[in-house]
Amino acid sequence: MRIKDNETLLFIGDSITDAGRARPVGEGRGLGNGYPLFVDALLTNFYPEKRIRVLNTGVSGDTVRRLADRWQQDVLDHAPDWVSVMIGINDVWRQFDHPLDPSCHVYPEEFRATLERLTADTIPRVRGMALMSPFFIEPRRDDAMRAQVDAYRTIVAETARKYGALFADTQSYFDAMLAHLPSEYLAGDRVHPGHLGHMTAARAFLDAVGFDWSRAPGGSK
Amino acid sequence: MRIKDNETLLFIGDSITDAGRARPVGEGRGLGNGYPLFVDALLTNFYPEKRIRVLNTGVSGDTVRRLADRWQQDVLDHAPDWVSVMIGINDVWRQFDHPLDPSCHVYPEEFRATLERLTADTIPRVRGMALMSPFFIEPRRDDAMRAQVDAYRTIVAETARKYGALFADTQSYFDAMLAHLPSEYLAGDRVHPGHLGHMTAARAFLDAVGFDWSRAPGGSK
Amino acid sequence: MRIKDNETLLFIGDSITDAGRARPVGEGRGLGNGYPLFVDALLTNFYPEKRIRVLNTGVSGDTVRRLADRWQQDVLDHAPDWVSVMIGINDVWRQFDHPLDPSCHVYPEEFRATLERLTADTIPRVRGMALMSPFFIEPRRDDAMRAQVDAYRTIVAETARKYGALFADTQSYFDAMLAHLPSEYLAGDRVHPGHLGHMTAARAFLDAVGFDWSRAPGGSK
Amino acid sequence: MRIKDNETLLFIGDSITDAGRARPVGEGRGLGNGYPLFVDALLTNFYPEKRIRVLNTGVSGDTVRRLADRWQQDVLDHAPDWVSVMIGINDVWRQFDHPLDPSCHVYPEEFRATLERLTADTIPRVRGMALMSPFFIEPRRDDAMRAQVDAYRTIVAETARKYGALFADTQSYFDAMLAHLPSEYLAGDRVHPGHLGHMTAARAFLDAVGFDWSRAPGGSK
Amino acid sequence: MRIKDNETLLFIGDSITDAGRARPVGEGRGLGNGYPLFVDALLTNFYPEKRIRVLNTGVSGDTVRRLADRWQQDVLDHAPDWVSVMIGINDVWRQFDHPLDPSCHVYPEEFRATLERLTADTIPRVRGMALMSPFFIEPRRDDAMRAQVDAYRTIVAETARKYGALFADTQSYFDAMLAHLPSEYLAGDRVHPGHLGHMTAARAFLDAVGFDWSRAPGGSK
Amino acid sequence: MRIKDNETLLFIGDSITDAGRARPVGEGRGLGNGYPLFVDALLTNFYPEKRIRVLNTGVSGDTVRRLADRWQQDVLDHAPDWVSVMIGINDVWRQFDHPLDPSCHVYPEEFRATLERLTADTIPRVRGMALMSPFFIEPRRDDAMRAQVDAYRTIVAETARKYGALFADTQSYFDAMLAHLPSEYLAGDRVHPGHLGHMTAARAFLDAVGFDWSRAPGGSK
Amino acid sequence: MRIKDNETLLFIGDSITDAGRARPVGEGRGLGNGYPLFVDALLTNFYPEKRIRVLNTGVSGDTVRRLADRWQQDVLDHAPDWVSVMIGINDVWRQFDHPLDPSCHVYPEEFRATLERLTADTIPRVRGMALMSPFFIEPRRDDAMRAQVDAYRTIVAETARKYGALFADTQSYFDAMLAHLPSEYLAGDRVHPGHLGHMTAARAFLDAVGFDWSRAPGGSK
Amino acid sequence: MRIKDNETLLFIGDSITDAGRARPVGEGRGLGNGYPLFVDALLTNFYPEKRIRVLNTGVSGDTVRRLADRWQQDVLDHAPDWVSVMIGINDVWRQFDHPLDPSCHVYPEEFRATLERLTADTIPRVRGMALMSPFFIEPRRDDAMRAQVDAYRTIVAETARKYGALFADTQSYFDAMLAHLPSEYLAGDRVHPGHLGHMTAARAFLDAVGFDWSRAPGGSK
C-alpha cells in the first residue's frame, strides 16, 4: 500500500466529497457521511498500525474554478502527504440544470487548464496525489450529460498521466454496479449517491493506492 | 459467501445496531449510521448481482429481556432469510452505571436462558443466523466491566455452538484494533464506537458469513 | 370549455398533484404549489364569471393501489362535478428505486385493473372525468424507466378511451419541452418538476378540457 | 412577441414582485411565488425555444424612493435586456396605514420625478422596458386609497408614454376580475393577492409584451 | 356600573375575542391581547374593590353556528354572572372570501334564529348578558361587505332588544374613529384591529355596562 | 389635555417601558405590551382627531446611568414634542438582587445628578416632559426595597419640580390598587406587572397630562 | 445517620421539589436542579458505602389536594424506605396570586386533614418519613403571605409530631440566611429559590435525618 | 476558613469548570451546573455573613496552553482576591482521543512550564490561589491514561508547593469514592462527572481552603 505510516491524506472536491463534513476541516467524526469517512474506516481497520490521518476539505457546489480559489488555504496550507481530488461534476451539471446562465459553466478548456495547474503545483509538494474521475450514475453513454462527464473524465485521466498522479476511475466502478442495479437505486438525481455509491467511490480510491483487502484483523497479513 | 441471491438479512440489537435507523424498520438510507449500513454498502459493492436486502430493527437501550418482548414483531414477522443479533452490553452496563437499580440488571442466567430460547425458536425458521458477541472497547481483561462483558461473550459463543448459529467474535476484532490504537480514539464511553469501530463490527460479521474481500468490482472474481 | 358555471373540479394523484397542499382538502391558497394551483389561477383569470371551484386531494407517494383505498373518502365523498386523476409514476418508480422490495411495486396488470375499476365507478357519478398520463422527464424512449412509464401511459390512454373519460397526454407536452431544454433544467430527479413543468401539466389538462386561451380579461371573448 | 431568443428579463418592484424570492437575486425556483414565477413558467412553456432568462430583484416594502437607492446594483449591474418595474403601492399605502409618520410617505411629485429619472436613465441601456401600474384590489373608484392609487397609476402611464416604455395596466386587469368576484376573494388586505391575482398581473405583463397565447406546445404556432 | 362585586364576566366570540387567549379558558395573562384584556385591566383599575373575574372563551374562525355547538361547555358550564357575545363577522366574511364554498356561509335567517336561541336559553341563567355588534372597519356603508355586516348588526340589536340583553354597538364606535382616521390605520384587512381598535371595542362594552370613567384611583369616586 | 394635535410623544425607560417593543424604535404594533401601548390606544380612542404619534425607546435592564449613554440617540435624535421617562427601579433592585456586585449599583447621588442633567438638557428642546416615578408593588413602606424605591421616587418628584417637568406619581396609583388587591396578583416579582399594572401606569401618565376620561367616542365632548 | 445501607429515599412535593426532574420518575441526572439533587450528591459523597438510592416525584404547581390524587402511584407504588414531603406553598400562594378563583385555593382545614391522612397512611409502610415545612423567602413575619405560610408550617410541624414523622423546618433555615442576605438575592418571586436556597433546603433535610457533616472523604469518619 | 468577608473567588479551568456557565463571566445562576455552583451554594449557606462573590471563567476544551492565552483577560482583569485553577485533563486526553494530531497535545514539559509561569505571575497579585489536580475517574493506576493524568497531577502538586499555592488533590477524593462505587456510575467517559462528581470536586476545594462543615445555619458556629 502506497500510503505510509503516520502520513496525512487530504480529500478535496465538491458536494460528493463534502458530504456534510465539519468546518473548517473535516476529521474523525467530522469527515461527513461520504467516501472519505469510508476510506478512513477501512484504512484504520485494515492498517491500524499505520495511524494514517484523513482530512476532508470538500465544499458543496464547487467547480474546478472555485477549487483553485481555495487551493492554497484548503490544500497546501495543511501540508498533507497525500492529496486526492474529485472534481468536475458541477462544471458539467451547471450546463444542464442552469442552461441560461453561462457565467456558472466551466467548459473543457478551462477545466483542463485549471486542473493541470493545480496538479503541477501540488505534485512537487506532496508524497503522492490521486485524481478521481467525476462520475454520472447513468449507464447509457449516449446520454447527453453522461457524454459530457465522460469527456471531463478523460481530461482527468490525461492530467493524471501527464503529471504522474494516480488515477482512480470512479466512473468505471459505478458502471460495474450499473450492470446489475438500476441507476435510480443508487442516486435520485444520478449525481449524489447514498452509502452504496460512496462505498463505490471509496473502493475506487483504495484500489488506486494499492489497498490490500486480504489483510487480517489487527493489520497483520 | 453464505448469503444467497435475493435473500433478506435482518440485523437486530441495541443502540450499536440501531445507530439512528428509521422506524419502524430501517432499510436503505434508513439503516442508520452503524455497522448494518456498512454491511449493506460492502455487500452491494462486492456482490451487486446478489441483490441482498438488508433490514435493521435495533433499538437503543435494549437488553436481551426487551429483545424477547419484540422478537415476534421485529424479527419473525419480517420472515428474513438471515438474522444477526448483537446483544448483551446493556445487560452488563446497567450493573455498572445504574448500580442502585437492580430492576434493570440482566444477570448471566437470564441472559443465557433468554438468548437460547430466541435462538432455538429462530433457527428452524431461517436459512441462517449469526450471533455477534457484545464488546467493551477496553484492552485490559481485568477491568471489572470488561471481565463481565467477556463472561456474556462466552455465553453468546456457547449458545451459537449449541444451536448451530454462526458466531462473530466482535470483541476479538476490537482487541486487534486496541493493540495499535487507544481505547479513547475509538469510543468516548468505551461502548459506542464511531465509524472506525462500526467498520470493525461490520468486518467481524462479514468474515463470519464468508465474505470474499478479493472480488473485483462488478462482482466477478 | 367543458367545465360549466359553479362546477367543482377535484384533482387527485401522487406527490406531483399534492405539491404541499393543505390537509384534509386543498383549496384556494391551500392547493399547494403545483399544477392544480396553476389550473385554478388560469381558470379564474380566463373565466372569472364561471366561478369554478378547484379542490386537491393528491397524496405524496401514492400508487394506484393506495389511491383505491381512499377513493371513496377523497373523491366520491366530495361529490365533485369533475375529477382529474394523474397516477402511475410511483407504481413504476418503486421498481427502480426500491428494486429489492417487491411489496411496493405495482405491476401493469394491477395498475390497469385498478384504474379501470376506479374509472368505471366514477364516470356515472360525475359530469366529467380526465385521466392525465404519468410522465418521466427523460427524452430517450429507450431509457428503461421511460419505457416502463410509457407502458403505463398507454394503459391510462386506453382506460380513458374505454370509459369515455378525457385523456390529457402530459408526457407529450413534456416531450415538446424536452426538444428545446435539458431534462436537468426541468427536474433534478426527472420525476418532480418545478414551476416550469407544473405549468406544462396544467396546460395539458386545460387543453384537454377545451380551455380557450384567446379569451380577453374579464372573461369576455 | 417582443422578447427575443436568449434575452434576460429582470423584474423589480415591492413585495408583490418580491413574493419571497431568493437573495441576492431571484431566478428559477428562487423567483418567489408571485407573478415573475408565473411569467417564467408561461414564457418557457409557450416559447421553449427562446430560452429567456428571468430574474427578480423585488424587495418587500419598497417605495420608488428606495428603488432609486438600489437601482444601479439591482437593475443596471445585471445588464438585462428587458426591465419591468411595478412600484407605487407602498408610496400610497404608507399615507393610509402610517398616517402619523410623514417621513415614509412618497407624494406624487417625488413619485413622478423619481420614476421619470429611473426610466430615462434605463431606456438607453436596455432593449425594452415595461412599467406596470400599481393596483388596489377595490372596485369602487371613490374609495380614498383607490383614488390615490389611480393617481399614481396615471403617473406611471404618462411616464411610460413620455419615455417610450411599454405600459402594463395591471389595475384594469384586476377591475375585469372584480366585475365577477369579491375583492375579499382575491386579497385579504386588498394589496397582496394570492395566486389568482398574481396570475392577473402576469397576464397584464405578458399582454404588454405581445405574448401569443395561441401557440402550440413545444413552441410552434 | 351594572357588574357587582365578586361577579364573573365571560366573553365569547370569534378571533376578535380570542386574540390569542390561553386554552381551555382564558383568564388573567391568558386573556389574549384583545378587548377582553383591556376590559379586565380597566375594570380592575377603576373598580379594584369589586374584584370582578374576567374569562375568555373566544375561538378564532367561529360563526354563530359553531358557537352554538360549544355554548354549553364554553358558556353555561362556567356558570358566569355576566356573558358578553360578539359574533357575526365570519358568518358574513365567508360569503366574500370563500364565495365558492356555500357550506361555510351562515345567512341571515340562520344567524338570527341561532342567536335568538342562544340568548333565550342564557338570559334566565345569568345576572346579565351583553350582545356586541359585529363590525367592519370600512367607513362607506355602500361597500358590499359593510352593508351585509350592517344587516347582521341590526339582527344583533333586535335580538338584544327582544330578550332584554344589553346591546353594545361596536360598529358605531368604530365609525366615530373612522371619521378621523383611515381604515388602513386600524386594520390591514378591515376585520382584525390592533390595539387601537381593541380599545374601541372595550370602550363600547364598558359604556354598555355603565362603566364610570370619572372614578378616582383606588376606586373611590 | 396638554398634548396637542399632531404632536409626537416618546416614552423611554427600562423593562417596564420596553415590554417587548420593536427595535430600533417601537411604534404602532411595535410599542410592546406595556403602558405605552395602553396610552397609545387610549389617546387615539379619546382624541382621534389629535393624531398623536407615540414612540417607545425603553430598554430592559436600564438604569439612569445607561439611559444617559443613549439619550442623544434614543430621545433627542427623534426630536419629540413630548418625552416621558420612567427610571430607577433597576438602580435600586441591583442593590438587592446583586448585592455582591457594587459595579451595577446606582446610588442616590448619581441617580439624582444624572436625572437632573438629562432633564435640564431636554426641557429646552421639547414642548413638554413628564417624569414618572419608579414603583415597587409592595404595600408596606418599611420593606427595605420599598423604602429605597420611595427615596428614588422622591428624587424624581424633586427633579420634576426643579425643572418644571410634569410628575406622574405611579407608585401612588399602585398603592391605591394595593389597598384592595394582593401584591402577588399584580406582579410575581413585585417589579414587572402584567396588564393590570401597566394600565395603572398608563392611567398615572394620562392623568398627569390632563387626559379627559369623560370625552365621547369620536373625540367630541 | 438514620438512612441505612441500600435504602431508597423518595422526595415528593411541588415545583420546588420538581425543579425540572425527568418523567415519570426522577433519578440520577434526572433528579432536576433542586434540593433532591443536592441531597443525592451530598449523601453519595459523605456516605458512598451506603449506596442510597434517591428518587424524585415532585410536580410543579401541586397543592396537597393534587398530591393526594397521585400518592398511590407516585409514592406507595415505588415502595420507598424513606419518604420526604414538602408541600403547602401553592395551597397558600393561589389565595394571593389568583384571589378571584377560590376553586384553586386550599384552606387550612383541608390542608391539615389531607396531610394527616397521607401521613397516617404512609408511616406504617415505610422505614421513615420526613415532613419539610413550606417556606416563603420574606423576612418579616407580618407580611400577609408569610403569615399564612407560617400557619401552614405549623400544621406541618404538628402533623409530623402527631404521627411520629421527622420534621425539617426549612423556613427557619431560610430565616437564618435572611438575617444576612436580601430576599431578592435568593429568589425573584420569594417562592422559587436558585441554587443558594436549594442548598438551604437540602441542609434542612439532611440535618433532620442526622447527616454527619464531619465525615471524611470515602465515608470513614 | 481562609476566604474573608466580601472577597471575590474566581474559578478557571476547562469543561469541568465551565459546566455550561454564562458568557462572558459566570456568576450567580450563570455559574453553570458544576463544582463552582456547589461551592457558591455551600459557602453562602455555611458563611452567609461573609458575602463571598464567586465567578467562573472556565472554557470547555481548554488546555493549559489556551488558558495562558486568556489569563490576563479572564483572571487578572477581574482582580479577584482568590483564584482556583483546575487544568490538565485535556492536555492528556488529546494524546489519547486524537492520537494522530500532535498539534493539540500538551506534553509534560510545556504543561509544567506554563502552569509555573501562570502561578508565579498570579500569586503576587492575589490574596490566595488554589491549584486543583486534574482527575481521571478510573480506579486502576496502571490504566494508560490514568497513569498520565497522575503524572500531570504530580506537576500540579509540585507547582503549588513551589509557589506557595494551596493544593486540592481532587483525584484522591475521587479515589475515595471509587473504593465504593463503579467508575461508570460517576461518569460515562471517565472525564465529565455528573452532580455526584462535581460535589466531590467542590468538597476537595472547600477542604483545601479550610471550610468548616460543622457551622450552624446562619453562619454561627
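For clarity, chains are labelled A, B, C, D, E, F, G and H in written order, and residue numbers in each chain start from 1.
Methods note: a contact is a pair of C-beta atoms (placed from the backbone, for glycine too) under 8 Å apart; a residue touches a chain by one contact, two chains touch by 3 or more.
Here the structure is a predicted model, which is why all the values come from computation and not from measurement.
Common neighbours of chain A and chain F (chains touching each): D, H.
Repeated interface: F-G and one of A-B, B-H or D-F share more than half of their contact pairs by residue number, and that pair is B-H. Centroid to centroid, with C-alpha atoms defining each point, chain A and chain D lie 46 Å apart.
Averaged C-alpha coordinates give centres for chain D and chain H that are 66 Å from one another. Shared interface positions of chain F, defined as residues touching 2 or more other chains, are 28, 51, 98-99, 181.
Shown here, the protein chains touch in an arrangement that is not a line, ring, star or fully connected set. Chain pairs that touch one another are A-B, A-C, A-D, A-H, B-C, B-G, B-H, C-D, C-E, D-E, D-F, E-F, E-G, F-G, F-H, G-H. Those residues of chain C that touch chain B in the shared complex are 98-101. Contact residues of chain D toward chain E in the complex are 93, 96-99, 140, 142-145, 181-185, 188-189.
Across the complex, chain G meets chain H through its residues 28-29, 31, 33, 37-38, 40-42, 44-45, 48-49, 51, 172-173, 176-177, 179-181, 194-196, 198-200, 203-204, 207, 213-214, 217-219. Considering their complex, residues 6, 27-28, 51-53 of chain E touch chain G.
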